[in-house]
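See the structures that follow.
Shared chain: chain A. Partners: chain B in the first complex, chain C in the second.
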Partner chain A sequence: MEKPSRGSFNIPGTVINGQNAQLLTSTGISSVDSILGGGLPVGTVTIIEEDIYGSHAKIMLDYFLAEGIVNDHSTLVASLDMNPYNIIKNLPAVIHNDPEESTISSDSIQDDKMRIAFRYQNLPTSDKDSHNIGHYFDLSKTMSLADIENSDICYWNGQRIENGTSMFANPAYNELLKAVKEKIKEGKFFLKDNPSKRNVLRVGIHSLGSPMWLPSRDSYHLMNESRDLDMFIFCLRALVRSAFAVAVITIPTHLYHENSLDRCIHSSDIAMRLQTFSGTELENNFSLSDYHGFFHLTKLAAINSFASKHPGSIEYVFKLRRKKFHIEKLHLPPDLQEVGSSNSTPPSIACGSSNKHLLEF
Partner chain B sequence: MLTTYLNTLPYTKFVLIEDSVTAKGGEILEYLLKNHENKQDYRTHLFVFERNFNQIKNKHPGSECHDFTSDLRNWMSLTTSDMETVISNLEENCVVVIDSLVHVLYRYGLLGAYQTFTDIKNKKNVQQIITVLHTDLLEDRDKVIQYFQHLSTLHMELQPKRVLYTYKKSQRKIIKQLEEYYCDSGKFITQPIKKPDKDVIRETVEQINPENMSTFKIGLSEKDKESRSNLVLPYLPKETNSSDGKIHYAFDDIDDWDEEDPDDDLDI
Partner chain C sequence: MRFSVRLDGVLHRMATINPLLVSLDIKSSDRVVSIKENGNVDSNFVITHLIKQILGDGNRMCFVILHNTLGHYQNVGKRLGYDFLKQIEEGRIRTIEPLKDIVEDIGNETNYFVDDKEQVVKGLFKSIKSTMEELVEAGSSRVYLVIDDISHLLDLGIDLKYIISFINYCLSLINDERISVVINTHVCSKSDEIICNNLNYVSDVVIEVMPLKTGVSREVTGLLNIEKSGKEQVTQFHFKAYDKGIKTFHLGESVYNLYK
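Moving on, here comes the complex of A and B:
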């Protein structure tokens, strides 16, 4: 990745991280941006492991694409499972304020002051970044068609696939790589290019490696036996690294074996996983009832630096409201009487139990 | 309840019935088909891959049947239907029933079958797709089931007398339940599994008296119990009233008697 010097170019929707000179762009979700240390570095490939029913990962992809359109970035959308035009058509609409902010703040205004833990009085309830580069979106509304028509969007649905010789078992992978390369070339996004106005290309690939990407039409091969997926991610990363482009891919990884999954994560820069509660035992868990699933940050590569910004062993959860998708740290609720009443016996010291034993001294 | 999920409008897009020899799904498919045939506002297309085509056609006059049994490979040059053309010709509102998925897999391969179903699922005018997957005919069972489960919106796994279903209600809500089912004169009826009442179990357990079941006596009568409690076993210390001797100790002058119990701190 090229180290951009400060202020050398001014691309809307991006910001330069002073510490390691990364050019960052927003994922569209402010809480994800802050976990990633400001945003997605331009020139990286992010993979999102879909939850079993795929819907939440799609929403994250929607945010990423919508953010690009609002910032006038160029966009390439690809999917074999659904029409990419429908993905763009149903992107959330941009709004000026955080949609749920007003309700949250009204809830949290409590007049009674903390008397003992007064130091925590002014602590914010959720992490807020003072300099937010992203926009806010309303999931209940869709983006206006005028905005979509005015932006540079390239759709790829695998319609014209030539059966040429390539290293991939399914030629669709090769075609998609070619399409990305064409787009980068055509829009002059390569680092060596010198366009009049610098811009960023956002590549969004929905449900890559789903059964639609199975090896070939008549063979009975299974996905695990082919190396298509991780090879594709590796090649895409090489392509994106050499350009002003950033890619987000969602993958239905629950259909894959762990080994092939590890290879994919290895070939990516940022890997995250969504794990929904619905349909599992966790659905009925008392302390998780406010949330819809776990958000795991599997990998956060150290780019232009030695240390990854990976937050360590913090557990994150996601919540999907009517208008907003949100990620926050998982705080277990205080252990109050209702929950703890089952084990009412107080803990005792090892050598001296409360009811005296005959031989105890 | 499964039947309400099946019948709510708008119809759930892709119903996948997983059956096997031990729990056959034919009756359920028949029920769903009959349900759709009675509706006026859309056509029902039946893709026949098994059994005798003419019999099935006569049995279902209300639906449009497509023959895939007579000349599947087009060896006899009969002008039978080709799946792709039939699907691309689906224009008006319709329901697609495919019997069965395994044959589509055999004919078009896994990728082809998956692509076909994705195509149909993405068509706006198709109200619902219903298909049966005979799981014991599959080569790589788990994987194929997994892929089609991924695509389905209502997935029913039939077990003998029970059905485990997963219903993707919307993007956010998933319902997963195990219910009992039975088919009664063409109707498909499901009900939640009844757990036996605890009180009933206790009562029945109490009613079973082992005394009446054996040819010999098991219990004890009151008299037996009394005599048992009065029995003094030989190793137990006997209570003796006769006081033959006692130790009387007179203190000497030099005796230094400690009032305290020397073992006091032992807390025995």
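Moving on, here comes the complex of A and C:
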């Protein structure tokens, strides 16, 4: 990545950010793309710290992979927790327009002519579409098998593991690195390669570092928290940096000590964390009832630039709909009635009564 | 002759105009400079600015790249007014790129992937030493050894004791009057901290880049602490990273910055 200076590469599903000389590709989720400043730079490693149940992080990974298949990117899927073929088989189906945008805009289009600011009449009301490279997906349907069979997908399930180096406590990490390198070599994704048609490799790794990745009992190394993980991420980044490849990894961090992943995050380029409300006391919080969890953007590296595009101290929340996984800024609703009234009135069994609006009587 | 003197003056002024370099105020008598990066704040800008100063003064450098790629330095360098790749071509910068070599080593169990980690460090130091010797012989200017993020050696599975001795070897280079060392470390775990503290102990200047304790701010990206040996006082700055450069200001001054 880094230097797409020789004109445009014309890879479908990518766009060049002229300002920082980066080739960007979509995560498959438009709201995440915009938070990241346009998309994932090719040549970077993204870490998603899983929520407790791992389901939402899995959905983000699904989006990332599905976006790749729609754009005819090559794909490498790896997991020890589930069969990678099943991950691909259950990817969401693509839909060709934004399911929610269209309904909103059809409602809000106003026929009346602007009389004062008439020059702005024909301008689009939002500038989102102009640089949107991603697609939309319907989570309730799965991608057609024909699409999947026609794409270049490499599955890695860790079945064939040789006991080679003892650098990693668990040789599976080493095997996966080898598999990624093999794939990059085979598909001519290295920056130095000169294939007839440039393409991007998407590497999706599901639940890296889960209990399935624990070292075998006869390994020499002590269980040093996340030593293997640190090494793996660092080496993977070196690999991905040297190629037209982009990696997204989900890690069940809640299984580790609190700060043991800091080195991983330092070695990665983008780090985000999902925190679901379900199963916690936030579940019953009235002001968060529209959402499913918090989305934390832990790190957004400044590549080819001084300043990171990190948006600062904004709190994000995510919600999952049938056709859309969406991330937005958290705005607390105006504190009108609920807090006060729910405190003063004793909890009643009758439903609906506590939700009565102040103005209703 | 007269022209070259004037040019030197211009170059010197160009280097001093940069507000960050003025704030850092690194002199050629500062032989060991360490940069400590805390939390998720990025201290890379310190290195890229120091490179500007090194090149502006007409010096040479050996650059060990473990964190960012050449492309990054080229892009950032252009914003600061130097052409990194051209400097490499002209031989004023020599690079050692473990990040690239690792890619070759995956699956081969060579160099960086051997079991004996002492060999890794030794190999790296040997290549540094030979490069430095060549640079010293090539001219009469000062020669800098710049290591971007030495803490990544930990990620290669190298034991702490070998990393410490690697640092010692690198510092032994400054026995030559014309050599200075600049090392960047990132601190987020216990072992990182040991590396960093060891390094700080022997440094002439410690530049510490920290995030704000209170969280994130729109006006200020982070805090910059500059500690020089022999002086007890720590100079503190706030800094704000823009796309094109860095602005520094004294604590509390950032408010005025808004109205400029």
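Quick note on the criterion: the second predicted complex is superposed on the first by the 291 of 361 C-alpha atoms of A that agree within 3 Å, B and C clash if a C-alpha of one lies under 4 Å from a C-alpha of the other, contacts with A are read in each partner's own complex, and residues count from 1 in each chain.
Note that a contact is a pair of C-beta atoms (placed from the backbone, for glycine too) under 8 Å apart; a residue touches a chain by one contact, two chains touch by 3 or more.
Nothing here was measured: the structure is a model prediction, and the numbers come from that model.
Q: Classify the contacts of A:H296 with the two partner chains as first (chain B alone), second (chain C alone), both, or neither.
A: A:H296 contacts neither chain B nor chain C.
Q: Scan A:R198 for contacts with chain B and chain C and give back first, second, both or neither.
A: Touch status of A:R198: no partner.
Q: Taking the superposition as given, does A:L255 touch the first partner, chain B, the second, chain C, both, or neither?
A: So A:L255 only meets chain B here.
Q: With the two complexes superposed on chain A, say which partner A:K181 touches: chain B (first), chain C (second), both, or neither.
A: In the superposition, A:K181 touches chain C alone.
Q: Of the two partner chains, chain B (first) and chain C (second), which one does A:N83 touch, if any: first, second, both, or neither?
A: Only chain B is touched by A:N83; chain C is not.
Q: Using the superposition on chain A described above, determine whether A:K329 touches chain B (first), chain C (second), both, or neither.
A: neither
Q: Could you say whether A:L320 touches chain B, chain C, both of them, or neither, answering first, second, both or neither?
A: A:L320 sits against chain B, while chain C stays out of touch.
Q: On chain A, which partner touches more residues: chain B or chain C?
A: Ranking chain B and chain C by residues of chain A touched puts C first.
Q: Across the two complexes, what residues of chain A are contacted by chain B and by chain C?
A: Dual-contact residues (chain A): none.
Q: Looking at the complex, which residues from chain B come into contact with chain A?
A: Those residues of chain B that touch chain A are 108-112, 114-115, 118, 122, 139-140, 143, 146-147, 150-151, 166, 168, 171-176, 265-268.
Q: Could you please specify the touching residues of chain C with respect to chain A in the complex?
A: Those residues of chain C that touch chain A are 40, 42, 44-45, 48, 68-72, 74-76, 79, 99-100, 102-103, 106-107, 109, 113, 115, 151-152, 154-157, 186, 188-189, 192, 215-218, 221, 241-246.
Q: For the complex, which residues does chain A have touching chain C?
A: By the definition above, chain A touches chain C via 1-3, 19-21, 43, 164-167, 177-178, 181-182, 227, 230-231, 233-235, 238-239, 241-242, 259-260, 262-263, 265-267, 298-299, 301-308, 310, 312-313.
Q: How about chain A: which of its residues touch chain B in the complex?
A: Chain A reaches chain B through residues 53-56, 59, 80-83, 210-212, 214-220, 222-223, 252, 254-255, 276, 278-279, 292, 320, 356, 358, 360-361.
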